[in-house]
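Below: a set of structures, written as structure tokens.
Next, two complexes with chain A in common: one pairs it with chain B, the other with chain C.
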Partner chain A sequence: MNDLAKAKTYKSEVKPIWCPGCGDFAVLSALTKAFAYLDLDKKDLAVISGIGCSSRLPAYLSSYGFHGIHGRALPVAAGLKLARPELTVIASGGDGDGFSIGGNHFLHACRRNLDLTYIVMDNEVYGMTKGQASPTTKPDWVDSPLTPHGTGVRPFQPAAIALAAGASFIARGFSGDPNGMTKLIIDAIQHPGFAFIQVLSPCPTYRPEQKLWKNQVSSFPHAPTDNPLEAATRLYADDGMSSGLIFQSQYPAWQQTSAVTASIHQFEEEFIV
Partner chain B sequence: MIKPESIEDMETFLALSYLLETESSDRYEELADNMQAHHDPEIAHLFRKLSHYGEQHASEIMEHADGLVLPAVASWEFEWQNPEGPETTPFEAIGFHMTADEVLHIALANEKRGRDFYAHIAEKSPTESIRKLAAEFSAEETEHVQLLEQWIADIAHKISARPEDLDPPNIPE
Partner chain C sequence: MSILSCTQSLAVTGSGGSGAITVGNMLLQIAASSGLYGIMRRSVGPQIRGGESAALLRLSAQPVSGPDDRFDLLLAFDWLNADRFALEIPLDSASLIISDSAHSEIPDVILQSGARVIQIPLQQMAADISGGRVNMIGLGLLCALLELPSELSRTVIRSTLASKGEAAIEAALQSFDAGARYETSFQLPCPALQGGTTAARWNISGNEACALGALQGGVRFVAAYPITPATDLLEWLAPRIEKIGGSLLQAEDELASINMVIGASFGGVCSMTATSGPGLSLMAEGIGLAIASEIPLVVVNVTRGGPSTGIPTKSEQSDLNIALYGQHGDAPHLVLAPQNISDCIQTTRWAVQLAEILQTPAIVLSDQFLGQSRFVIPAPEPVVDSDSIARLRQIQHSASATPYQRYLINDSAISPMALPGTAGCSYTADGLEHTCTGKPSSIATDHHDQLDKRQHKLTRYAFGTQWAEVQGSGPIAILCWGSSSMAVLEAAERLQQSGQPVKVIAIRLLAPAQTAALERELQDVSQLLVVEQSHSQQFYRYLRAHYALPAQVQVYAKPGPLAITPGQICQALQALSGESI
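Let's look at the complex of A and B:
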């Protein structure tokens, strides 16, 4: 069986209902190819998500999965990784889920540097609720009736904030380059720490102008660095439309050091029932 | 990254050719599933038909591999002209309410890229047997191009405007 045939075995029987042309298809495809390439055993693989179009992802995979609540993919993923450190844990979701509702969790997940991979499919819009501005929406986007004059607010900068918060692997992918993304996902899973990938993933329905991203995205013009200052300087000069591995360091991954010291029964005794 | 035209051994060339066809066929299948999910059985059926042809081409390639052990190759290891293999439809190429004509034009563009890909290898490969087989594959792709052009011509009289979407997804509530 070649990797393409093996990749198909990581897909579930549930067919994606994403809009035709959605960038999230490419992420699903890249993920399954990465799993096949790394020959991951499905019983040792869990994909955890929050809420939103892209958070449907676990349903489309045949691994273990948890389609959780809005913005809470990372706490669930972190809990799972602490309880079952031998698992490969992937958290996924969209820009609203990850940077607004789950923004605080994002900061602390970066800081803790648990050995997780977090993939955010960023389309700069809340698609599932029919097209409202998200944290990464540009201030002058006026196509939503809720923000007819634009948000007037500077967008969240995912890669720069991940760097400031202490993430040890920061990359940006593009759904128009599924092969490049597969490679990034492989590197992210192999990285021993918190690996964050922001994927530029166009929404053809609410942001049809993003179809032009394929002409705008270029390769990140620098080799990856392990120097945060250098990465910060590069990101400050970056227009947010480049893809590739930006920063990778070997900060020690956080893990539970002490063994369990109490039984479930002892925990229950602490609570008034 | 490996330049496809620099491949020197037949095993890797066949593995690459097989990959190219299966990647293309798998993608048609994914697009068919997507159109099916959005209640467009006619276009889903067309994508499945294209996927089936891709599978047939992949099987034909494997006939050349009889007795050989093909290496494992991954699409991202190669330097393509496009982000993926030449015959793979980009996910972003499709949309709601496509016409058969639009689908066939996508397939035609894929086959033309496949034809040109093999023609380039037929010209540049350092190995004579690969040059010869690549020329054969390019001729086959040329036939596929002609078939698709004929298919497009045959349905030309049936082409209607893009169907009206009575329930568009992007009307804000």
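Let's look at the complex of A and C:
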């Protein structure tokens, strides 16, 4: 089987609800290519999401999946990984799902450093609810009737926040660069810890101006660093449109050790008068 | 023999740090070692350190259910914030108060009971002992008054203080002896307890009992966020679950807890969380997800006074509504409530088993009274093999039909659930309405079919006789649930002895409502008393919604934090039957 045909076996029969031109299509296909490259057995693969256009992704894959509730992809993924460490577990969703309603889980997933991959399809808008501002929306974007004067709030900086929260793998991809994205996903899955990829994934429906992203995105001029100070300096100097692996460090992945050393019967004996 | 034969109710109070709770715990253990049964409730103030605390004991030669109506004795180390607990320690002219002469200003709320007051120079006695402790002097005094064997007391003191070092133990023993030797010119207002037993007994709290039941049921993953009064349950579990191959994770909040539990259970590991009201509120959406995606899990809710932050340290039965109706949409699930301490083990174990079989969340409604009280109980029947977990979940091992139908509609309405790792069965679990294969669908027929399926798996299941405990017969009945069942049973016993038999129906399985079964039990009942610890009569309203009740119904609903006592129930029942005469 050639690579493309193999990648296709990771797609399900369910037809995506996404609008034509939605960046999420490219993420789906990069994921399947990464799975094919890594030759993952789809029975041992689970993709977990929250709610949003982007969060529809698991249903379009032939692996195991969980399409949960808004903002909670990471805890479901964490529970699954803790229960079944041998599985490859990937969490995915949108910028609203991950950085607004699920923001607290994002911070703690970064610091907990479970061996998970988290892909956020960032379109700087709430697509599913028809075009409201998200945490990554620029303050002067006035196209949503919900924030007629713009949000007036500085945007959330996903990569810098992940760094501060202790993530051990931080990358930015672009759906207009499918090969680069596939490579990042492969590296992220192979990374033994929490790997975060912010994917710039345009929403042509509510943010048609994002069609220009393809002219604005460029590669990070540096090789990835394992020095958080260096990474922070680079991130602060960046306009948010550079793609590539930014930071990778070998913090130990958090694991629970549980060997059977006692029996419930012994616990019962503690109560005997 | 009856629990009424003879019991002693004692309260030990003092500001935080006075060691009142330690005295209570030791006294319970000493009484237990000497062959008695007993209960120790805890009532503490909101302060983290330095607030008031009260250990409320009731001892007997027979198994004790809940608190009595009054206290025989109050030992007060000081009177800090006495007004805050005075109502919880009803005293009368037959009661005795022992207080430290160093704190001679006894508050009016206490004095107005008319109880006899004895002042003893506890502080002064402690000052005469190097490292002397007032509370250990108090313990010595109590043990002497209760005629508890001093050798046992010494053993309990030694083992409780083992980690504090020999000097501390020596000081405690000397203090204990000083208290025990103190020449008392008075006696306890109640006779000493006779006829201790050598029968096997356990000293266990309700929180420990729920945790043990969960492990026995097969729980091997827990994610939770600390909250009073559920924290002790988690703290008991954490070091133990990892020794039997499971894990417990302290999550960032309850939203994470419930969703982690969902993820772990999706992965095939039997999972639960424990929380209290505010946490249960946060979990509401996640529980709905588990209902829609048919994920088994257990939530133990140790109820405290609500709404909002309410009274975190004290008990109430006021989370019934949120447990039953907390989800949006039509969301059938299981709600169970243990009725006493050993039932905390059984009901939680049963909840785990039901959740696994029926692939839906089970909420177990315990409360602060059950959870944080220590009880000396007859040792429960051993679970045949508590370490081998029965696989109750219907698990799909391989694909039989293509495509695999995770939400297949069949006779039992329970469809086989494939675990990740099973070839040919991959599916996406979904909180969106879905088809039989799990594909998202907003088509009316799919919605109706899946709503029916999720309802039918609960209504078609035969829950057996465990749905309630029924005792007695006749035209007058008391209907209750959860922890107030203990006071109801004692009330029924008192009424029986005074020639007024009543039937008691204590519901364990609150949802799904067992309408036919309860109505059968109510067939010959013409007068019904409903007992519950809530302000808005949540239980009564639930009963009205699901069951045909007799024509004459009276409700005894009292909010926390005061305990419901047997005497109050007897009075309420007499008012009910009096009306009909």
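Simple rule for what comes next: the second predicted complex is superposed on the first by the 258 of 273 C-alpha atoms of A that agree within 3 Å, B and C clash if a C-alpha of one lies under 4 Å from a C-alpha of the other, contacts with A are read in each partner's own complex, and residues count from 1 in each chain.
Simple rule for what comes next: a residue touches a chain if its C-beta (ideal position, glycine included) is under 8 Å from a C-beta of that chain, and two chains touch if they have at least 3 such contacts.
Values in this document were obtained by computation on a predicted structure and should not be read as measured data.
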Touching partner for A:Asp177 - first (chain B), second (chain C), both, neither: first
Greater residue coverage of chain A in the superposed arrangement, chain B or chain C: C
Which superposed partner A:Thr261 touches (first chain B, second chain C, both, neither): second
Which superposed partner A:Lys130 touches (first chain B, second chain C, both, neither): first
Which superposed partner A:Thr147 touches (first chain B, second chain C, both, neither): neither
Partner chain(s) touched by A:Thr225 [first = chain B, second = chain C, both, neither]: neither
Complex interface listing, chain A residues touching chain C: 12-14, 42-44, 46, 48, 56, 58-59, 61-69, 71-72, 74-84, 86-87, 104-105, 107-108, 256-265, 267-268, 271-273
Residue ranges of chain C in contact with chain A within the complex: 29, 32-33, 200-204, 208, 212, 215-216, 221, 223, 240-247, 249, 251-253, 255-269, 271, 285-286, 288-289, 293, 376, 379, 382, 386-387, 403, 420-432, 438-440
Of chain A, residues touching chain B in the complex: 2-5, 8, 15-23, 25-26, 29, 33, 37, 130-131, 144-145, 175-180, 182-183, 202, 204-206, 211, 214
Interface residues, chain B side, partner chain A - complex: 15, 18-19, 22-23, 26, 30-31, 33-38, 72-76, 80, 83-84, 90-96, 98, 169-173
